[in-house]
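Note that the chains are named A, B and C in the order they appear, and that numbering of residues resets to 1 at the start of each chain.
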Amino acid sequence: MTVPELSVRDVTLRFGGLYALDDVSLTVEPGSLHALIGPNGAGKSSCFNVISGLYRANEGTVTFGDHDLTRTRPHRLARMGIGRSFQNAALSPHSTVLDNVMLGRFALTHGGFLSCGLRLPWTRREERKHAERAAEICDFLGIGAELHAPVGSLPYGAVKRVDLARALAVEPSLLLLDEPAAGTNAAETAELASTIHDIRDELGISILLVEHDMGLVMGIADRVTVLDFGRVIADGPPADVQADPEVVRAYLGSENAEAG
Amino acid sequence: MSEIATKSPPEAPERAPSPKPRRDALWWVRKALWLVVLLVALALPLYLEAEWLKAGQYMMVGAVGAIGLTLLTGQAGQLSLAHAFFLLAGATAYTVLSGPTGDPELLGFGLDPLLALLGAVAISAVLGLAFAPVAGRLRGIYLGVASLSLVFLGLYFGQAAENLTGGTSTGRPPAEFSLFGFPFSNEGDLEILGVPIRETERVWYLFLALTVIAFLLARGAVGGRVGRAWRAVRDNEPAAAVMGVSVWRAKAGAFAVSSAYAGLAGVMTVLWFDLLKPDESEFGTYGINVSIAYLAMIIIGGLGSVPGALVGALLVNGLPQVLALYSTELGWSTGTGEHAFTPILISSFVYGAAIILVVLFEPGGLAAIGRRIAGRLSGKQRERNGS
Amino acid sequence: METFVQLVVNGLGKGAVFALLALGFVIIFKATEVVNFAHGSLVLFGGYLVVTLRDSIGWAGAAIVGVVGAGLLALVVERLLLSRSKLADPFSLALLTIGVDVIVTEEIVRRLGVSLPFIGDAWDAKPIQVGGITLFRTHLVALVVATVLITLFFLAFRYSNWGIAMRAQAENKEAAALVGIRSGRVTATAWLVAGLLAGVAVLFIATQDFSGAGLSRGTHSIALAAFPAAILGGLDSTAGAVAGGITVGLVDALATHYVSFAFAKSAVFLVMLVVLVVRPSGLFGTRETTRV
C-alpha cells in the first residue's frame, strides 16, 4: 500500500485573541519519522488537535494525500488510515486491555445494536478475527499477558502501551503520537524509542511524534520541526536543528538551564 | 500492510495470545446458575398464587426498563431522568394502536396486539431519537435536568390528549395481549401438570420471554462493537471520535435503544395495570418518581451492569409488592390510613438508603460486589489448580 | 394592559422565590460541583418545622426555627454523608442526594398525612388594590425579602472572607487549598446558606397566593422548578440563578394566565429546553470542555 503525505500548510489557530498556532507549515514525508518539539505551550498539542480534527483551524489547510483534513470530521480520520495516541492515554479505565484496543478496530468492523445484540454468526466471526489481530498487536507491544486485565489496574508504562496499541489497531498509514514517553521512567522511555522505531521499520508507515524527551527524539527522528510560541522556528534533520542557535536559545537553552 | 506480529520485542512474555474470554469452571458455574434462574422462573407459575405472580410481573417490568436505562446512563454515560416519559409513550402507543376503531371519544387503530407492541417500541425509539439533537449538545447534569422536562411535557400532553389516553380521571383500558390468536386472558382451558394456566400465568410467561429477550440483546450489545463505542464516548469523547466513533451517532443510538426498552416497559406496565392513566400521584406510573425509581435500580445494581439492573429492579419494584403481600398474610396493620408506613413508603426508604450506601461504600453497586465474589472464587480455584 | 402589569408583578414575586432556591443550587454547585437533588426536601423540612411549631411558639418563632432547621439539615447532609465520601465524583454524589431526597420527602409527606397546612398566615390571601391592579401580598413580601437576601448574599460573596474563599475554590480547588483555604469549611457554609435560602423560600411557596396549595408533595414538585431556573441561568453563575429564577417566575405566571394552570409547569421546562438548545451551558454558565 502507498502511504500518503501529510501536509500542514499555513495553519493559524486562535483562541480569542491568543495565537496558539501562527502560520505553521510542515510536511511529513511518506514513511518518515517526524518529530514536533518545542517548549511547554509552544502549540504542539494544538497542532496535533488540528490535524486530528478536534480543533478547527482559523486559516490554512491540512491535507493527507487527497483528503482535506480541515474539512473532515474527526471520526472519519480512522477510516483514512490515521491513528493517534493521547498525552493522557484517554482510555476506559474499567474496561479490559483487549476491549480498549478493540476500539481501534471500530472503523474496520460493522454491526449495530441488533446484530451485536443477537450475536449473529457473521458478527461473532468478525469479532473473533479482529480480537485475534488486537491480541497480536498487544503481544508485539509486550502487553499480551494483560489482555483481560482492566486498564486501571496496570502500571503507567503499560497504560501508555495500551494507548499505542489502540492507535496501531486502526491499521494506520500515519501514526500520530502525542508525548508517548510522558510520565514513563528512563528504562521505559528507551524501550519505547526502540518500539516506535520498530513500528516504523516493520510497517513502513509515517509517524508524527510530539515529544518532550529530547534524547528520544534526536535518537530516532528523521526530521524535526521546532515550534515556539505557535511559530515554526526550525525544520530539518535532527543534527541541523540541534545546532540551530535559535532552537538552542528558545528550547534547548531553557531546558539545559532548568536541568542545570 | 505487512504483519507486525512477525517480530516480537524482547520483553514479550512466552504466552500465546488468547483474545477469547476464559472458559474456566467459573464460566460454566455462571452459565449453570443462569439456567437455574430461568428454570425456576419457568416453574414458578405452577406453585405461586396469582398475587405473587403479579408481584413478579412487576419486577420484570422494572427489569426491562432498568436494562434500557443502564445502557444509556451506565454504558453511554448519558444521565437521563426522562425514562418515565418513554414509558408513558410506549404505554400510550400500545393502547392507541391496539385500541378498537370507531370509538368517537377514543382514537384506536385496531391493530393486532403483537404489531401494536412492536409499533409502540418503534415509536418510543423514534421519540428517543428525536430528543437526540438536544441530548447530543448537553452534558452530565444539564442533560439530566433537560431530560426531566420530557416527563413534565409528556404528562401535560398525556393529560390534554384525552382521545389518546382517556385522561386522568378515567384512564383507558388497553387491549389484552394475544399472540397469533392465542389470548393472554382467562379464555380457553390450558393446563400444565394439572395447574390451570390462566391470565396471570400467561402474562407471566409473556413477560418472562420479553425480559429474557431484553436481557440477551443488551448483553450482546454491551459485549460487542456497539457497547464499546458507548463506553468510549462515556469515558473520553475526543478519543472515541479519533478511533472512528461518531460521537453524535453513538449518543443518539444509545438514546433510541434506551427509549425502545422504556417503551417496552411501558407496554408491560399498561398490560400489568390493565389501565393507562397519565397521572403523577403517589401511585403514578409515569411521573418523576418513576424516573427516579429506575435510576435507583441501576445505581443499586451498579451503573452499566445488565445483571445489576435486573437485581436492582427486583429490589425497587419488588419490595413494595412483596411487603404488601406479606403484611396482609401476616396480618400486620396494613398501611392504608393516615401517617401509615405503607409498603410503598417503606420501600422508598429502603431504596433511598440503598442509593446512599452504594455511593458511599460501593460505587460499583451490587454488580461490583458480585464481581468481587466471583473474582475471589476464581482466585481460589486457580490456586487449587496450582497455576 | 392592567392584567399584564399585574401578571408581571406577580411573576416577579414568584421569580424572586425561585431565585432563592436556584441560588442555593448554584452555591452548592460552585463549591462542590455537586447538583443537590435534595433541595426540594430541604424546602419541605423547613415548612414542616413551621407548621408543627407555630401553634406552640407563634408564627415568627416557628418561621425562624424552620429557616434555621432547613439550613442545619443541609449542613448535616453535607457533613454526615457528602464530606465522608471524598473519593466519589460529583456525579455519584448528586445521585446520593437523590437517596436523601427520597427518604426525607417520603417521611415528611407521611407525617403531614391528609392535612395540607398553609404557611404564610402573616400576609397570605390578602390581596391589595393599587389603581385597578390586584396584587398578591405574598408576592410583594417575597419580592422584598428576596431582594434583601440576594443583595446581602452578593455583598457577602463579593467582600466576606467566605465569599472570597468560595470564589477561589470554584476557580481552582487545588490552588485554593495551597493558599490555605479550608475547603471543608467553605463547602459546609455553602450548604448551610443554600439550606437557609430554601427555608425562606418555603414560607412563600406553601401559600394560597403562590400555589393555592398548602405544604404537601406538591410543594416539593414546585421547588423542582428551581432546577430549570438554575440550569437556564447557568449552573455555575450566581447572577444566572437570579435571572433564571425571575424567568421561571414570569413564564409560570404568564403561562398560567394565558394558557392553563396545567401547562404552566411544562412551559417552564419547555423554555429551559429551548435555552439549552441554543446555549448548552445556560445563559451565563461557562462551557466545559474535555481536554486531550
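The rule is simple: contacts are C-beta pairs under 8 Å (C-beta built on N, C-alpha and C of every residue); 3 or more make two chains touch, one makes a residue touch a chain.
From a predicted model like this one, the values you see are computed outputs, not experimental measurements.
When chain pairs are compared by contacting C-beta pairs, A-B ranks highest. When you average the Cα atoms of each chain and compare centres, the chain farthest from chain C turns out to be A. Centre-to-centre spacing of chain B and chain C amounts to 33 Å, using the average Cα coordinate of each chain. Centres computed as Cα averages put chain A at a distance of 48 Å from chain C.
For the pair chain A and chain B, the distance between mean C-alpha positions equals 40 Å.
In chain B, the residues that reach two or more other chains under the touch definition are 236, 238-239.
Listed for chain C are residues 292, each touching two or more other chains. Within chain A, residues 54, 86, 90 each touch two or more of the remaining chains. Considering their complex, residues 1, 52-54, 73-79, 84, 86, 90-93, 95, 98-99, 102-104, 106-107, 109-114, 116-119, 123, 127-128, 131-132, 134-142, 144-145, 147-148, 166, 168, 170-171, 191, 194-195, 198-199, 202-204 of chain A touch chain B. Residues 35, 81, 84-85, 88, 91-96, 98-103, 106-107, 109-111, 113-114, 217, 221, 224, 227-228, 231, 235, 262-263, 265-266, 269-270, 272-273, 276-277, 280-282, 288, 290, 292 of chain C are the ones that touch chain B when the two sit in their complex. Touching chain C in their complex are the following residues of chain B: 79, 133-134, 137-142, 144-146, 148-149, 152-153, 155-156, 159-160, 236-239, 282, 288, 292, 295-296, 299, 338-341, 345, 348-349, 351-356, 359-360, 363. Touching chain A in their complex are the following residues of chain B: 1-9, 11-13, 15, 17-22, 216-221, 223-229, 231-232, 234-236, 238-247, 253, 257.
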